[in-house]
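To keep things simple, chains are lettered A, B, C and D as they appear, and every chain counts its residues starting from 1.
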Amino acid sequence: DPALIFDLGGKFDKSFNEAAYNGAERWKAETGGSYKELEMQSEAQREQALRRLAQSGANPIVMTGFAFGEVLDKIALDYPDTKFVIIDMVVEQPNVQSVVFTEEQGSYLAGVAAAKASKSGTVGFIGGMDIPLIHKFECGYAQGFKAANPQGKVIINYTGTTPAAWNDPVKGSELLRAQVSQGADVVYAAAGGTGIGVLQAAADAGVLSIGVDSNQNHLHPGKVLTSMVKGVDNSVYEAFKAGADVEPGVRIMDLISGGVSLAMDDNNKPLISDEIAAAIDAATKGIESGEIKVHDYMTDNSCPV
Amino acid sequence: MDFATALQILDSAIRLMTPLLMACLAGLYSERAGVFDIGLEGKMLMAAFTSASVAYATGSAWLGLLAGIAGSGAMAGLHGLASISFRGNQLISGVAINFLASGLTVLLGQRIFGLGGRTPSLSGAARFNEITLPFADSLRPVPVIGRIYADLISGHTILVYVAFAMVPLTWWVLYRTRFGLRLRAVGENPASVDTAGISVTRLRFAAVMICGVLCGVAGAYLATGISAGFVKEMTAGRGFIALAALIFAKWRPWSALGATFLFGLLEAVANRFPNLDLGVVTVPSMFMNALPYILTVIILAGFVGRAIPPRAGGEPYVKER
Amino acid sequence: MERMPKWADVMLTPLISLILAFAISALVILAIGESPAEALKVMVEGALGSSYGWGFTLYYTTNFIFTGLAVMVAYHAGLFNIGGEGQAAIGGLGVALVLLALPWPHWALALPAAAVGAALFGALWALIPAWLQARRGSHIVITTIMFNFIAAALLNYVLVNLLRPVGSMDPASASFPASTHLPKLSEMALGFGIEWGRNTPANVTFFVAVAACLLVWLLIWRTRLGYEIRAFGKSEPAALYAGISPVRITVSAMLISGGLAGLMAINNVMGEAERLMLNAVEGAGFIGIAVALMGRNHPFGVFLAALLFGFLYQGGGELALWTTIPRELIVVIQALVILFTGALDNMVRMPLERLFKALRRKGA
Amino acid sequence: MAAAAGAPAIELRGISKAFGPVQANKGIDLIVQRGTIHGIVGENGAGKSTLMSILYGFYRPDAGEILIGGKPVTIADSQTAIRAGIGMVFQHFKLVQNFTVLENVILGAEDGGLLRPSLARARGELRRLASEYGLQVDPDALVEDLSVGHQQRVEILKALYRQADILILDEPTGVLTPPEADHLFRILRGLRDEGKTIVLITHKLREIMEITDNVSVMRRGEMAATVRTAVTTPAQLAEVMVGRKVLLRVEKPPAQPGAKVLEIRGLRMIDASGIQRLHGIDLEIRAGEILGIAGVAGNGQTQLLEILGGFPEAGAKLEGEIRLNAKPLPLDGAGADGRARRRAGIGHVPEDRQTEGLIMDFSAWENMAFGYHHAAEFRNGVLMDHAAIRADAEGKIARFDIRPPDPDLPAKSFSGGNQQKIVVAREVERNPDLLLIGQPTRGVDIGAIEFIHKRIVALRDAGKAVLLVSVELDEILALSDRIAVMFDGRIMGERLSEEATTADLGCLMAGVDPVATARDAAHWPAVMPDPESGGSAG
């Protein structure tokens, strides 16, 4: 059986853990198979969880989150017959598949959409905990926005510096209001449970919001411009489907492979004007063809815009 | 900074301080009666959960509020049982309540809604919506005052006004009523109350239950007023900040207003200016996030003298040594 | 002389309280539609049923011993240190700086140096609140709460901007060199030819923690400083009368307290993660409050309470890992244990006292 | 006196009460006649306070019956007692320190939900009671700002406000100055003459003889005797109380003063709130001499002791000169703390044994080393030598006959008298060159008083200097070789004890120096006495 281990945020984190869970459930529904899932409590359990699963014969073992990187790197070779899949991190071991997403590209598109949808020329970004991964979202978004509106302004807020920052909708809603009062009329939230509050407050304040990780358009139909969807669910689904035959190596889930995308559905159809759609299209093509290079914050810890 | 920005920051400060103020006043009743309470956080969290759940189920924010009060009240009853009836350690009891609420809310939420501890989003009458005070729109053109009235004073949920009204009310109860006199006395010297023929247990229980009710309102405000539903751990340390504000305020109602306003304001300022550009260096957002805490320490050290807690605080009342 | 025999007070009361806590937990488990018997089995087996479980239980125990002792020492001086969380986090920074700054040839050299770094940083983080309390009268409860938040922000800044290897997503320092890796208890057991707790994080720090219990016991009940700390904690006017300086005692007690909290970092940062991560403390600072209070502010009690919480943590972790019971249940069980053994203990003690009185009367 | 028509005011039958293993009251019978003042005496821990607390509903008896005015009543709580017309002034006042007098008076006896009407009525009532009984006290003052004497008035006012017919006072004079005590007695007589019944617990046999109509003696939880005061003597009472003959007078040989031990010159102190507490004190004490400082409480005696002991109130400004054995002592800084003072040879029995002299939760043996815990003989390397400290404590417990002789018992489990003996034993047995001793026998029974007085005299006879501060003029007169009187932070005058008279000292305590006044009148009739030099007269 395959197995899935969630990162500390827990499987219902309104973010990529939840997406992974959805992928696994889809696989289960389609194939009727069963899988093991683990939720950890503490850092020290990472190794324990991996080892115990490997010993129990689970294969492949999928884990979400960069925090597994170190541990996996250390123990992968102890279980050469087991395949591991790690999401959001590269681990170079012969039996590990590393799945990384180009969040900067998806966020770039979100930035373009925001620029086009914004009437004020000012948009916002609300991150959860202030960590590099989220800066990657922020940086891509800012690039896309500036590309479409060089004169515009992006207001950036982070919720906090502790894990509590992921679960503070009150602060999220207050940050949104602060940004709105500074003129922002489209706000992109990459903040887990805090984002729930951002999207809600945006709907209340009559401005547009952009969801993250999974398709959140349905949360406030007609008020969420789009969502930057990260195909974690697909990756998990595919890994489960491949079973023990998962290909080791690095899989870069980018725009071309559909790893990241903007969610378009009935909920946001009225919001996506032809002009916006065209701009997104153009940007997508540009990125795919390599004409547009979206800078990855992680490569040098800085953002060009 | 222009007038509009100042108004917006103050407006935000008012919303952010409301749960702190409620929780702070809640703690004030309890601690003034001699029962320390570091479980404000847990009670608020429990109330946020029960209020959101019931508001969702019934579609009524008011029923949600009642449920919030009940949820928090149950926790308060537990605290009273442990620290008054059984003369247990008040700090331990508070710690236990924080843990209990943190676990139970998610456990129950997951069991009931299956959303990983989150409740479904609330809308319409299931939330407390912002109310516009009379004449707000017609007065807006009046310079300064009009703007302050329309943009700052008007346009909050009813619970915000309740919280502010609680300040003079608490002051009045504490200093102008028999109940308040006895409450203050039991926190200073329970033996004086006992020898006057008044039950220390009943009085302290009353105070602890009032604390529960106010925490209930605070929690309901978090889940059904300022946001639209419950998210696990959504109190995010506000109970502790309220406790800090209470000590800061030296256990006095008007000072509690000031202290919580200060916390709200500092947070609002940090929200508004996430990266302070000082020309030479840009203060990183991490420090702006920590700014309210740093400033609190500085203010505390620089301007606020020694805070003397109610003299009998923290000690169970034992007649027989 | 006593109302009930000492053994009954020390052993029977907590035991019955514990049973009560578990009974209520069982009801909660039933209420969420799971089997309490199964849960109990998983917990006990997972935490105590194998050397593997013990390897984890002792690892968590070690963390809680340090934070529990930290709260305890401050408590004896009448100071309520809620800042263990921040002090332990900053202690981790001390460990990381020591281990990354110099090439350590052997862990036996690195350990004392890292311990000093951890204790020093933890102590420094406690020094400011202590000084503010002693000199400016700023309430230590507020300042230590604030310092937890400030520590989180500081650590976040340092890890993201200064210690993080370029290109890494993880807001964590580089891994410490292999020469500084502490021997795990399993490796030590293997040295004696015993196969014990393979791949568990319990490491030599456990012995440091046990030693810390002994030293703290000596400090509090056998040294003049401990005597002065206790005296000051009981009565400030009396301390002044006896020539005990409030400033000196407040500062010393908080330095020791912060140092102990900081020392936790040699277990989790040096011994387990072998690099400094964000949020490495994971709430152990707050658990320390419960551990100290439940341990009746005595090092031996702290040891036992830490063991209990170690068991709950590991057993609960197993529960979350291997059953469908959500991990929040463990939090609830912890809460009930704290409540019954720590705050509602008189609920058990009072009837017991009456029982013993009745028995004695019958016997007499 | 009111006619004893009908039933007695109080009748107790077979009252028993145990606190855990301690049998505080054993089958007590007591009859208190209406309209009398009834004294209760007994050693520390005899069970007096317990008995009265039962009567007041503060404790519940394990067995026994209570009759008030002939009717059996069950006093379940204080509310019942209050309704039965009983009021009580506890040994340790039950006042809320940061409330005003008025608030304390109405607490529990409010007229309704709102305070304003109650406060208004109480204000009027207090005015009436004040003029009727001479119980003046500022209704708006905070209790913590009042002297103990005034705090006691508040307690009495509380009882009277509740219209108590029976007033119980537990050691009311323990903290009062003689004039305050006299004032209290006038009030009590007035109340009795009005028909109220008063129960008075005291350790001072003089007071029993002076004011009571009947007196009961308690011993070890039992009622030993009840007699008419007129037919008994203090010596008889003391013997029943203690079970042996007690010397009610201190026997001391004439003093043989030696070298100067303590010399104070121009000592001034301004406290943190800016009030000048000491206005230039000049004093000296020689070896083998007891200097008694008389004065109404609150005239700077406490500050003087604290400065000499090395722990003046925080933020105080000090000035002047203190020499011990001709060596100057620093007034502030690290060298001026309690530890340095002990090292220099100053022992100190503080005025307040419970909050300063002892750590109530520490065992007796730990308390026996308190303040001397750095001493060489108590240490064992970096550790404390517990065996040595215990051995030392056991010796002191035996020599001072501290009961129960259990060094492991926490200080709070000892009676007041025995607590005081622990402190005295600790300080006296160090053989300090100078012993500071404040209120040595406050709340202590006569057996213990006798003992403590003997030890102080013995220390003097061993050639040590003693500075004694007491508000008990009797005690000052009995123990001192020389007497200085403090008033408003100044030494009003000094007398040799054999020359001193109560009247003379009383004048000085009130701030009037009869000698200096006469002298000033003779030489500089028109000049006001210089406040700075007024202290050195005599």
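Convention: contacts are C-beta pairs under 8 Å (C-beta built on N, C-alpha and C of every residue); 3 or more make two chains touch, one makes a residue touch a chain.
Everything quoted here is computed from the prediction, not taken from an experiment.
**Student:** Given the two chain pairs A-C and C-D, which is bridged by the higher number of C-beta pairs in contact?
**Tutor:** A-C
**Student:** Cα centroid separation between chain A and chain C, in whole Å?
**Tutor:** The separation of the two C-alpha centroids amounts to 36 Å.
**Student:** Per the centroid of Cα atoms for each chain, what is the distance between chain A and chain D, given in Å?
**Tutor:** Spacing between the chain centres: roughly 75 Å.
**Student:** Just curious, how far off is chain D from chain B if you go by their C-alpha centres, in Å?
**Tutor:** Distance between chain centres: 46 Å.
**Student:** Among all residues of chain B, which ones touch two or more of the remaining chains?
**Tutor:** 110, 117, 237, 286, 289-290
**Student:** Send over the residues of chain A in touch with two or more other chains.
**Tutor:** Correct list: 10, 130, 161.
**Student:** At which residue positions does chain D touch at least two other chains?
**Tutor:** Residues of chain D never touch two or more of the other chains.
**Student:** Go ahead and list every pair of chains that touch.
**Tutor:** By the stated definition, chains touch in these pairs: A-B, A-C, B-C, B-D, C-D.
**Student:** Within the complex, which stretch of chain B touches chain D?
**Tutor:** Spelled out, the residues of chain B in touch with chain D are 175-182, 184-185, 188-189, 191-199, 311, 319-321.
**Student:** Flag every residue of chain B that touches chain C in the complex, lowest number first.
**Tutor:** These residues of chain B touch chain C: 38, 78, 81-83, 86-93, 95-100, 102-104, 106-107, 110-111, 117, 237, 240-241, 243-244, 247-248, 284, 286-287, 289-290, 293-294, 296-297, 300-302, 304-307.
**Student:** Any idea which chain B residues touch chain A in the complex?
**Tutor:** 4-5, 8-9, 12, 15-16, 19, 110, 115-118, 121, 222, 226-229, 231-234, 236-238, 267-268, 271-272, 274-275, 285-286, 289-290
**Student:** For the complex, which residues does chain C have touching chain B?
**Tutor:** Against chain B, chain C makes touches at 28, 31-33, 80, 82, 128, 132, 136-139, 141-143, 145-147, 149-150, 152-154, 156-157, 160-161, 286, 289-290, 293-294, 326, 328-336, 338-339, 342-347, 350.
**Student:** Sort out for me which residues of chain C touch chain A in the complex.
**Tutor:** The contact residues of chain C facing chain A are 56, 59-60, 149, 152-153, 155-156, 160-161, 164, 166-172, 175, 199-201, 268, 272-273, 275, 277-280, 282, 313, 316-317, 320-322, 326-327, 330.
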